[in-house]
């Protein structure tokens, strides 16, 4: 039997695939962070909370209104996006003139508040959300048993990432957004309603997080804490990718997912710090990150 | 008689953090039930229960404990979820000569090297869980094991204890994989466990980590494929959170199950009416601890610490939680533990009816012999 | 040129003013110290000691954010790390308390050097994220390392005899030891900030490129400030381990890093004593909420948001900026 | 000769911003670097001060090869620049701006144990510099509150505080009112008495008045060199840069 | 018909510092006006206040008869005013061409892209490179070019010749003249007196946040001594 580093090829392929699946979540989340950061210069600490909100909205929709997974996949990001837009409009937008650190601190507080509230209402233990019947079961790929739902996650996250990237890099709207990042006042003086743009952007970022949350709901326990630790890892992903580029966030997300997946096989104890270690190495060699534009 | 005309019990635990479902506010409720059931008075003094949320921070916990003892005339502190808190508060109680009864923490240190003449450990500990699941399950035929272990001291001690019992009972351990605390995705580890071919996959972790492992094991069809999952620290509250769909077939050990005896069921219903949830071993254990404490005061005829501690050490425990429980010289309350299997969705007819009792582990097997516990108070 | 004449005049006035201001400040300081000296008679000593430890921690943190503009999201590593080092040295190696604390400070400084080495490569938010990530690594280390005793923590740390003489297990002795450490820590910070070195730090915060072109090795200055801040945070953590007689994981979590930010923000970033007030408020709040029905995290979160939105300058900063504060001769720097 | 570059080249991607530039800067002379916009003047400055690393060529400062050195070291060796976009410490007073520049050369930069008043001994020198550029009345004003022109003047003062051997000035007169131009031109003339000055400037009158030597850059290459008269009569320079206008 | 832009008793503040102390000026349709003044007298501030970038303001600003004081910043351009800031404001994350195409067209009559490239061949050459990788002069051209597309009626320029080579300055002069010939109204702040004197129809002289003189180009020779004294030119 063929082996790679002492691991049977089959098992190796399986682990690679699993890494890719987890990378999907990293990619979606770091993409949302990159969008918000890129345009608002705000590190959205509440991103993990918004991810959690997405999952919870889907759960509550199911419990109280009987709304199924597919509809939830549309409604939950919309709800969370609107909520994000509201937060941006009423509060976050007052911080743009200040040091970007205040945005970080504000969203940190926001994250605590959201998570605290859900913990208060629903407790810290998770709640179950089932895989939609049409995606239940799995496929035997020969080298592993792949739950169908996980396959779906990879595909849909790729599509979402690509779509967002195209929106920002290739459309007129995207160029307004990028310009507004650099000099809000001037873009406004050109006749573009920047405050509205920024609100939409934050809404979009939050919606992306919520989308990832709904995707995650059938895999992980839906719990108020599900985003808390994830967000730190995603920060590291973002540092490795370099915040200059949206594409960087996506690619790095997938890559680190895979790196982490392989670590879980070869040296499982280190699998939660491997991303941080990679971050340290990247910082030494390329302080701006792998895809960062500013050197 | 009671020194100041009132007996005050403090329930100190996590009410907003990760362990809030484990004990939390409901433990406070259980304590109040115990007081009511006892009649609200002991030796003519009224009994009062107060509570605080230590937020999983030992420093906040010790601040509160000190203030309770020094300025609020609290006589005993109970529950104490999380071992760092329990150990810290037990040290303070020892210094202040006050009684503490731990029902929420798992570490055997409490009745081992760091034991206290006034400190008691109710409900469960890592050792008893390991004996229950490791020992009893092998006898049920689960003789090859693979461990999924949380990569920190708690996980190691669960794994080590369990593995010892597995081997002692003639089973073998085919491997283990260490996963970091608070991992979200277990599929890599589960695949490794799956390919090991072991009959039992032991989950030496806790809380959300265990829930997620179980849920993902269901997703990858591990139980359906014939392997058995054994959670080493998992309670009714968490089974409820996971749902029978994902949890079915899971094996675990608890010190209490509400539907095991009629008395327990009666208590469970009353508890349910007050909280909306059925009690787990932490809640029932807290009830038992409070009740036993009041009985001990009655017996000692005073609420003075030395006398009450002496009474607690001497009196048998008989209530809805324990039958013929006894307290060792190291403070460990020794009672029977139960190996449970989670029912399939179809098998459960009443709400919260989740367990089948597979085996009863007699107290003397379930807990460390006080003489071997390493507690300096016990003559070895 | 009329406006120029005016500015010179204001310049003159400022000097007279600042003389008065410094005497007023001195007055406030003495009153504050006196209050702390007699406080144990009125307040719970362990609570006070905890407050002093966190106050010093917040001040150390403020040294970085307030005076070099670097937001560290990983200061818990230094605070909690030092607590472990001190606890281990005192409990396992039987060192005297002052040596134990120094060991904690040293450990925190080394840790600061390592984390700082990576973090100062980037600025602003990146810096915050890198410190967060690296301190999270340290957290995992503490979780798994043998000597920290996992989630039990190092318990039952003896307070010992200071210099082999003063018995610190006597609460009052411990209190005055803590107070002394706190005052010394504050003095060090004050001197550090108002020194030639501090001036360079300030200029780096203002315009880093320009500082480079004036020949300053900006990285070394930042690292210097980072290590100093880490060491002082370690001082606070080491003493805390003695006060509570244990060292646990709580103090190395990233939530703790968030808390110290809250303390500093609430009190006033860039003010010398703001963090002291902030720490006081947060510690009191947590203690109070422990016995109330209010969930702590929600309250903390809301306070955080309110602070950022409504009074960014913090309690002390707002006071300085207020009419009364300015009349008394305080000025806010930022 | 204090600063010299040989075969200096800089590529950005596939764009040659600077190619094969030889430059010699001499003591006690004002050397002008002129050329159309985008010719690569600022880039040459960035290369010389090591804010950019050249893709080819070598740079020698006072006999030492500095091609691989870090910018702060180069600055400490005595090569100091000003920026095209004004660079001051906005929330420090004018005095403090100058004192910060004086701290390092006077060995007062790393003392974290000494009080701020230790810096008072720099005041005399700082005030000299401030008055030399005519900012005395604004001594205690925050730099942020100065107008654009005055910020530039302040920047020159801080640069002089380092007592550099070679002074690189990137468009020092840009955005300056007429009266300031004359003052600054005087200052530059003055400081060049005992150091080398290399400046980029579009104000040809200034170039004509104070520069001893002129290098004209076009598309990253040297187009012409010599004193102002020679250069300004070169027809290629007239087409590429000066247009029909008289200085 | 009144002036296209009418400013009356305009005050403006930066925080607590009062910078404009009652500016009065008017710009007629098709005029080219230059504001002169020493550094720091408030020229830039005047322009920014008219645009609505500085919101701490009081007084009167009318554009084509419409009160502009209550118009939000992002509607100013739609009213027909285009602005080229002193610091140019080129966007680093956009290519040259994206920069060019960024401001929305607010009215007919703007220049086509080809025309613009013809006017500024440098930009054509570097159309795909990032905006801020341009040299200072190229950036200035881009900043102007960008506005020409939009079809605004009034062009406000803050020191357009700063840092530009003499040939380019000449070219910009030509461009401005062409724009004027097309009927565009231009309001300009300029330190380069020689340049300004050649293209403006009328001058305002500013000091201490007020307009202290106002005269047409024909009076320039008579005013030279005064200007010399105030400006040092």
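Just a few scattered comments:
As written, the chain order gives the labels A, B, C, D and E, with residue 1 at the start of each chain.
Note that a residue touches a chain if its C-beta (ideal position, glycine included) is under 8 Å from a C-beta of that chain, and two chains touch if they have at least 3 such contacts.
Quick caveat: nothing in here was measured; it's all calculated off a predicted structure.
The minimum number of touch steps separating chain A from chain D is 2.
Under the contact definition, chain A and chain B share the contacting chains C. Chain geometry summary: the mean Cα position of chain C and that of chain D are 41 Å apart.
In terms of their C-alpha centroids, the spacing between chain D and chain E amounts to 29 Å.
Centroid to centroid, with C-alpha atoms defining each point, chain C and chain E lie 50 Å apart.
Within chain A, residues 116, 119-120, 269, 272-273 each touch two or more of the remaining chains.
Contacts with at least two other chains are made by residues 140, 144, 295-297 of chain C.
For chain D, the set of residues that touch two or more other chains is empty.
Counting only pairs that meet the touch rule, the chains in contact are A-B, A-C, A-E, B-C, C-D, D-E. Of all the residues in chain A, the ones that touch chain C in their complex are 37, 41, 43, 91, 94-95, 98-102, 104-106, 108-117, 119-120, 232, 235-236, 238-239, 243, 269, 272-273, 276-277, 279-280, 283-284, 287.
Against chain E, in their complex, chain D makes its touches with residues 12, 15, 34-42, 84-85, 145-150, 171, 174-182, 202, 204, 240-245.
Taken together, the chain B residues at the contact with chain A in this complex read 16-21, 24, 151, 177-185, 187-189, 191-192, 195, 207-208, 211-212, 215-216, 219-221, 237-238, 241-243, 245-246.
For chain A in complex with chain B, the touching residues are 11, 14-15, 18-19, 21-22, 116, 119-120, 123-128, 130-131, 138, 144-145, 147, 149-150, 219-221, 223, 225-226, 229-230, 261, 264-265, 268-269, 271-273. On chain B, the positions that touch chain C within their shared complex are 15-16, 50-60, 62-64, 66-67, 70-71, 82-84, 87-88, 91, 107, 109, 114, 151-154, 180-181.
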